[in-house]
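Just so it is clear, A, B, C, D, E and F label the chains in written order, and each chain counts residues from 1 on its own.
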Amino acid sequence: MQISSEKYAKFDQFLVDFPVKNVAHVQINRPKSLNSFDINTYTQFGLMMDILSYDPEVRVIVLSGVGKAFSSGLDIKTAGKILGTGDEEPSRRALRFNKFIKDFQNSIKTPHTNRKPVIGVAHGISYGLAIDILAGVDIRIASEDTSFSIKEVDIGMAADMGSLQRLPKITGNLSWIKELAYTGRNFSARESQAIGFISGISKTKEEAISHALKLADIIAKKSPVAIQTTKQSINYALDHDIQAGLDQIAEVNTYALGLDTITAVQSAFTKDKPVFSKL
Amino acid sequence: MQISSEKYAKFDQFLVDFPVKNVAHVQINRPKSLNSFDINTYTQFGLMMDILSYDPEVRVIVLSGVGKAFSSGLDIKTAGKILGTGDEEPSRRALRFNKFIKDFQNSIKTPHTNRKPVIGVAHGISYGLAIDILAGVDIRIASEDTSFSIKEVDIGMAADMGSLQRLPKITGNLSWIKELAYTGRNFSARESQAIGFISGISKTKEEAISHALKLADIIAKKSPVAIQTTKQSINYALDHDIQAGLDQIAEVNTYALGLDTITAVQSAFTKDKPVFSKL
Amino acid sequence: MQISSEKYAKFDQFLVDFPVKNVAHVQINRPKSLNSFDINTYTQFGLMMDILSYDPEVRVIVLSGVGKAFSSGLDIKTAGKILGTGDEEPSRRALRFNKFIKDFQNSIKTPHTNRKPVIGVAHGISYGLAIDILAGVDIRIASEDTSFSIKEVDIGMAADMGSLQRLPKITGNLSWIKELAYTGRNFSARESQAIGFISGISKTKEEAISHALKLADIIAKKSPVAIQTTKQSINYALDHDIQAGLDQIAEVNTYALGLDTITAVQSAFTKDKPVFSKL
Amino acid sequence: MQISSEKYAKFDQFLVDFPVKNVAHVQINRPKSLNSFDINTYTQFGLMMDILSYDPEVRVIVLSGVGKAFSSGLDIKTAGKILGTGDEEPSRRALRFNKFIKDFQNSIKTPHTNRKPVIGVAHGISYGLAIDILAGVDIRIASEDTSFSIKEVDIGMAADMGSLQRLPKITGNLSWIKELAYTGRNFSARESQAIGFISGISKTKEEAISHALKLADIIAKKSPVAIQTTKQSINYALDHDIQAGLDQIAEVNTYALGLDTITAVQSAFTKDKPVFSKL
Amino acid sequence: MQISSEKYAKFDQFLVDFPVKNVAHVQINRPKSLNSFDINTYTQFGLMMDILSYDPEVRVIVLSGVGKAFSSGLDIKTAGKILGTGDEEPSRRALRFNKFIKDFQNSIKTPHTNRKPVIGVAHGISYGLAIDILAGVDIRIASEDTSFSIKEVDIGMAADMGSLQRLPKITGNLSWIKELAYTGRNFSARESQAIGFISGISKTKEEAISHALKLADIIAKKSPVAIQTTKQSINYALDHDIQAGLDQIAEVNTYALGLDTITAVQSAFTKDKPVFSKL
Amino acid sequence: MQISSEKYAKFDQFLVDFPVKNVAHVQINRPKSLNSFDINTYTQFGLMMDILSYDPEVRVIVLSGVGKAFSSGLDIKTAGKILGTGDEEPSRRALRFNKFIKDFQNSIKTPHTNRKPVIGVAHGISYGLAIDILAGVDIRIASEDTSFSIKEVDIGMAADMGSLQRLPKITGNLSWIKELAYTGRNFSARESQAIGFISGISKTKEEAISHALKLADIIAKKSPVAIQTTKQSINYALDHDIQAGLDQIAEVNTYALGLDTITAVQSAFTKDKPVFSKL
């Protein structure tokens, strides 16, 4: 049985361990319900990700699920509870519900706002909210058996946790994305790569995680200043015009260039592996 | 001989029928001139699409052309007429011409602004304006014989009806797009898929239309609330930063979630096919 | 030994010749240091590109490197000089350094702001700044032996000359781009095409240049009004929402449509090759 | 009894006459209900304004109300009808209601989108929707007896027809605007001028209209090209950054400068009054 | 001696009481240091404002200072501590400092993001950070003895907590604002009103607070749905173009219109004072 | 006779001297043509301002005109030359003319982009281009005899050098601005202050200049780091939403805070006048 590292043990919806130096492996830990998210799960998710974001021992985060499914999406009983019983004054109910959606979004978007790169490993069932979460991580890989679906249309609603908002910006075939979003049909890892959603496929879940941890290890040994400002700059570029992107990195590099560049350049001459201090 | 459904018969530049429940099949109907668009064609196009947008019997629109060509683009005689004879006062002529371009754009962009998904089926000659129109629909498929061309450069002008404005946002290889736009060369269905412009290829025009109608049927049976807000949300995301996209769908879902979600969830338990009321 | 055409001879960091009518072939000419850029190189680059932008004899620019490498990126000694010796007052040093980054950016972005299409031919080593430069040209092709790397992370910094700012907008698999940016690993021409970065691969550098010149020749024979406004419109679209893109080209075509369209249409009837006057 | 000019007689909610050459005086004509707007009124308003926008005989529009009140705002019975009886499916009711708000907005914003300058003359009661309408005209003057109120808060809602959206951009004391919007209290013509909402005060309604017609006459004798592009440019500037504003007018003046400038400059030499042809 | 209401007693840097129903009066409570802000003060400020934002008993917030000064700005010893001792690695120190500025901003901007209207009462010394705070509240009034200063220039820095970022958008004379920001000179309540910064002046601090509480009482008796969506809509308008502002309120009013409008309209007929339930 | 300081003597359209330490007084020097601008004038203006922007001896710039007029605007003969004789191919003429407008704009906007504050002193005739220039400076004062006019409408065109683009953002009564822009009528210093265009009035030109130089002296003695980043931040705020403004200054202050703050704080304790090193 896996046990979460002490520091993160209070987040009982997740398993967090450190299989590689400076790399946190986070697993969604509700295998009995196919790692679906209820209110407790999403509340913990945002809090935990924010702590990981400022934990100096963590340089990269790998995200997967305990058991066969990555996640089957929103827990359906939760959905019922949130919609309410209908005896509230309608405008106040709507304002309460509006706040719920925004709080949920604020949790689910934390991989994107996290200062550290997040590598998502899809496997097995990856439906609905699973796509919203994966769309917000930095690097997406999958095992061959992954079954993806933008499932929300099948519960009579538009996906509102990031899938529809992010997929047009991070993939390269909008016709395909719209077909998947309108039909809610399953799609495979291969198809996922063809539309630009994932960048690597491994045979099994185990191999996919092993591949992710190797990638994470490589990244964890780079300058954390370089990695964090690179993530910040790409994400900024997604949301701004090109000149604004150039201006942003000019400002950041004005103060971010320092010891790590000197360390890196010296290592290039001495052929030693550079070691970067924490951040 | 095909006849347009009564309601849409006044639009004589097009054939409109309903081969599948709640699915309108619109065909450009000027086969003698390879379905080129003159002033009458584009004027009718915008008006017809707006009526389809609010017709509660229509949930999905399939767009193709009568005969071999999807469309050969702008009718060249029309172009001559619009440019005028040169005896107008230049600044007033320019302001008139400016209004013409904007009116034309407002017609050609109606598949994008339509509340219902539009599936475009490219086949045969698909030049110039054909690309502008297809770039604005939701899902693009093509028959193997399709010959695409961003033709405008060959009549000495930049494409101004949507191709250049949309292709950088809906495909995944800008180098390729620029090559096609600068050279005006023909490209095939295969190449079109490689750059991310289309999401499916069928052997013949007939098979492509049949495939499109099957897709349309699947979508037409989904909740129309879910489908319309999904389209709205993806299109909004294209034009805004990620946070704005999240905010938009939070507002919309605050009021759009209702009966269809309940219907869908109940059907999931009873295993019945859900039936959604019109919108 | 190659000699630069007289007009551009003062730019000794580059070779400029005209192998095809109206096509300038610009080669980075520091083969001994693998075409790395020092202060002199980047200063000349911006000035030269701006002159090419307004040279009426130039309609297309092809960009490659003398020798095996396209470019190995920033000259490492230059980096040292720029960072300074540390005895400046910190806020003034930062403001000076900030200006340096912006001046450097203003040079490296000139292929993008150039009024003429620029075709980049990657070959051999194409590291760091090479990616920044190539990300800003219009059409990217490569020889099979090209070795790409978003190298900046390995000198402890985020790429600040355009790679991170442009790649999310011009390619179609952000997961892949982030993996390359975080790991700094080498990637091939094939992989580069798979993520949507390049649109063509030739066997050798010579064949790649020959292919680029043929493309350039085709483009150079088109209406320069059409080509320049097409480039302007695609680049504008990258940075604005769709409606703004439509508005922009409506304004431009209001005054840009004229003689070239008449010439093109008449040629279509007479079957003669149209000849367009310079711009 | 006043009678509307023949061309606009079908709009029975308004009186339209031409007291000065090329100047349309539009009066809201529901004095019995203090010129409140019901569905018919707002529907006619948008249609009528769009016709005035393209009527070449009209160069300036003056807007006031028949009788003592400019307008008391939304007809309260209309509000009831629109909210509905509550037996609709909630999400479909919301989507219908959403469309109603947007259609209403599209009517009320027509003074802003009108190609011709609109001068609003406030007098007597000018509550709620009256402020929304006035906030969208170009020039606002008032008689001394005018009583303004951002009244919506008193019917339990945020103003959604333009007041809250425009006042922060067209006036100069946001603290004051928020106080008025939160309290719904009456404010006078003097206070209105102090916060930057109106630019002129006349003693009586008659004098205010007379002053507006004199202003209109001056503007109607200017070049219509200059006036219309000036309005377009100021309105564009309100919604964009400064550089975008400069780019917009550069594009427009590229084609808008012509005969009127020559006419104007020649008149300056001959000291004749210039006469500009219609547009 | 004043004592803070129990619920807010833990925020010892402030006094919070409820002199009027549903109105919280918040006083900065460091009179010995002229209500300057140290780290503790700004940390508490953000937390306290966020609790007030969701306290259903609070509908309006009035903000002033204990003693003669509203606030003398940043505590100068705090500034020293934050800048650090200079023995940190420069890029890590910069990233830490950058986070400090953003955390500080996130606290100081809470009056703007608060769901309830905030009325700021300036009095006595109101320097530096005082202007940043006041620029973010909704309604600003002042006593005659108030001495304002955009003081930051006198400690060698640009104001970074909101003054420079907000004043150009909320006042009406940018020349004047720049003069004040460049010279750091004192300006009076009268001058403050002339440039559009404040909307009311009272003779003494006591009268100003009394006036603020009366305003607050009026607002607290309005529909909280109307007040909160009005604030949200004006603040949204400040940051977006006019059409986006119209779209935002259309979405919000789709779900926000309900019981309060019915209550308000019925009260208008019965002449009773409407009573609105909490939110 | 006044003589320009040696360094700036080559700009013969202007007089540049240094009446106060670190303050450049620039005077438009074409009094015979009422300081109208021809091509030479505007070309020199941009070049000169850019040199002043990087001259470490210059901390503030004061701008006025030699003789009675500040400027009568565009030289009318220049306008004629630019419009051309009409024998060019129309689309190429338009593209040439478009470039002319943009080059002219790039010159006239240099007071805004200048790193140093610019104080404009209006006096006598200040028509057309004079308003465009003044709208782009930081601080505007005027002598009582100043006669302003947004004159462009009287030569049949929309102002395209900044007036229409900037006035809505820097003043506080848009109704008034539109009235002035549509009528082209003269307005006085008093009216100019009432609409928020200027912040100070002096009796005579001499007193206005003397007042401007005193202001300039005060500003020149402040930390140049603080002054330049303050200008940068206010101008950025004008063009961006509030959160973006806060982010921008957070980035800048991360590296701009340093010696000048220490100097300033120490001076506050020692009561000495702080002296700041050049930038």
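Keep this in mind: a residue touches a chain if its C-beta (ideal position, glycine included) is under 8 Å from a C-beta of that chain, and two chains touch if they have at least 3 such contacts.
The chain lineup, named per UniProt: A, B, C, D, E, F = ClpP/crotonase.
Small disclaimer: the values here were computed from a predicted structure and weren't measured.
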Touching chain D (ClpP/crotonase) and chain E (ClpP/crotonase) alike are B, F
Hop count on the shortest chain-contact route linking chain A (ClpP/crotonase) and chain E (ClpP/crotonase) comes to 1
Across the interface between the identical copies chain B (ClpP/crotonase) and chain C (ClpP/crotonase), with over half of residue numbers shared counting as same and under half as different, the residues used are different
Per the C-alpha means, the centres of chain A (ClpP/crotonase) and chain C (ClpP/crotonase) lie apart by a whole-Å value of 33
Chain-centre distance (mean CA atoms) for chain A (ClpP/crotonase) and chain D (ClpP/crotonase), in whole Å, is 49
When centres are defined as mean Cα positions, the distance from chain C (ClpP/crotonase) to chain F (ClpP/crotonase) in whole Å is 36
Residues of chain D (ClpP/crotonase) that touch two or more other chains sit at 90, 94, 98, 169, 171-173, 196, 225, 238, 251-252, 254-257, 259-260
Among line, ring, star, complete and other, the chain touch graph is other
All chain pairs satisfying the touch rule are A-B, A-C, A-E, A-F, B-C, B-D, B-E, C-D, C-F, D-E, D-F, E-F
Chain F (ClpP/crotonase) residues touching chain A (ClpP/crotonase) in their complex are 248, 251-252, 254-255
Chain E (ClpP/crotonase) residues touching chain D (ClpP/crotonase) in their complex are 117, 138-141, 169-173, 196-200, 215, 218-219, 222-223, 225-227, 229-234, 237-238, 241-243, 245-247, 249-257, 259-265, 268, 274, 276
Note: in the complex, chain C (ClpP/crotonase) contacts chain F (ClpP/crotonase) through residues 89-92, 94-95, 98, 225, 228, 255-260, 277, 279
Interface with chain F (ClpP/crotonase), chain E (ClpP/crotonase) side, in the complex: residues 76, 79-80, 83, 94, 97-98, 101-102, 105, 109, 112, 152-160, 162, 164-169, 171-179, 181-185, 195-196, 238-240
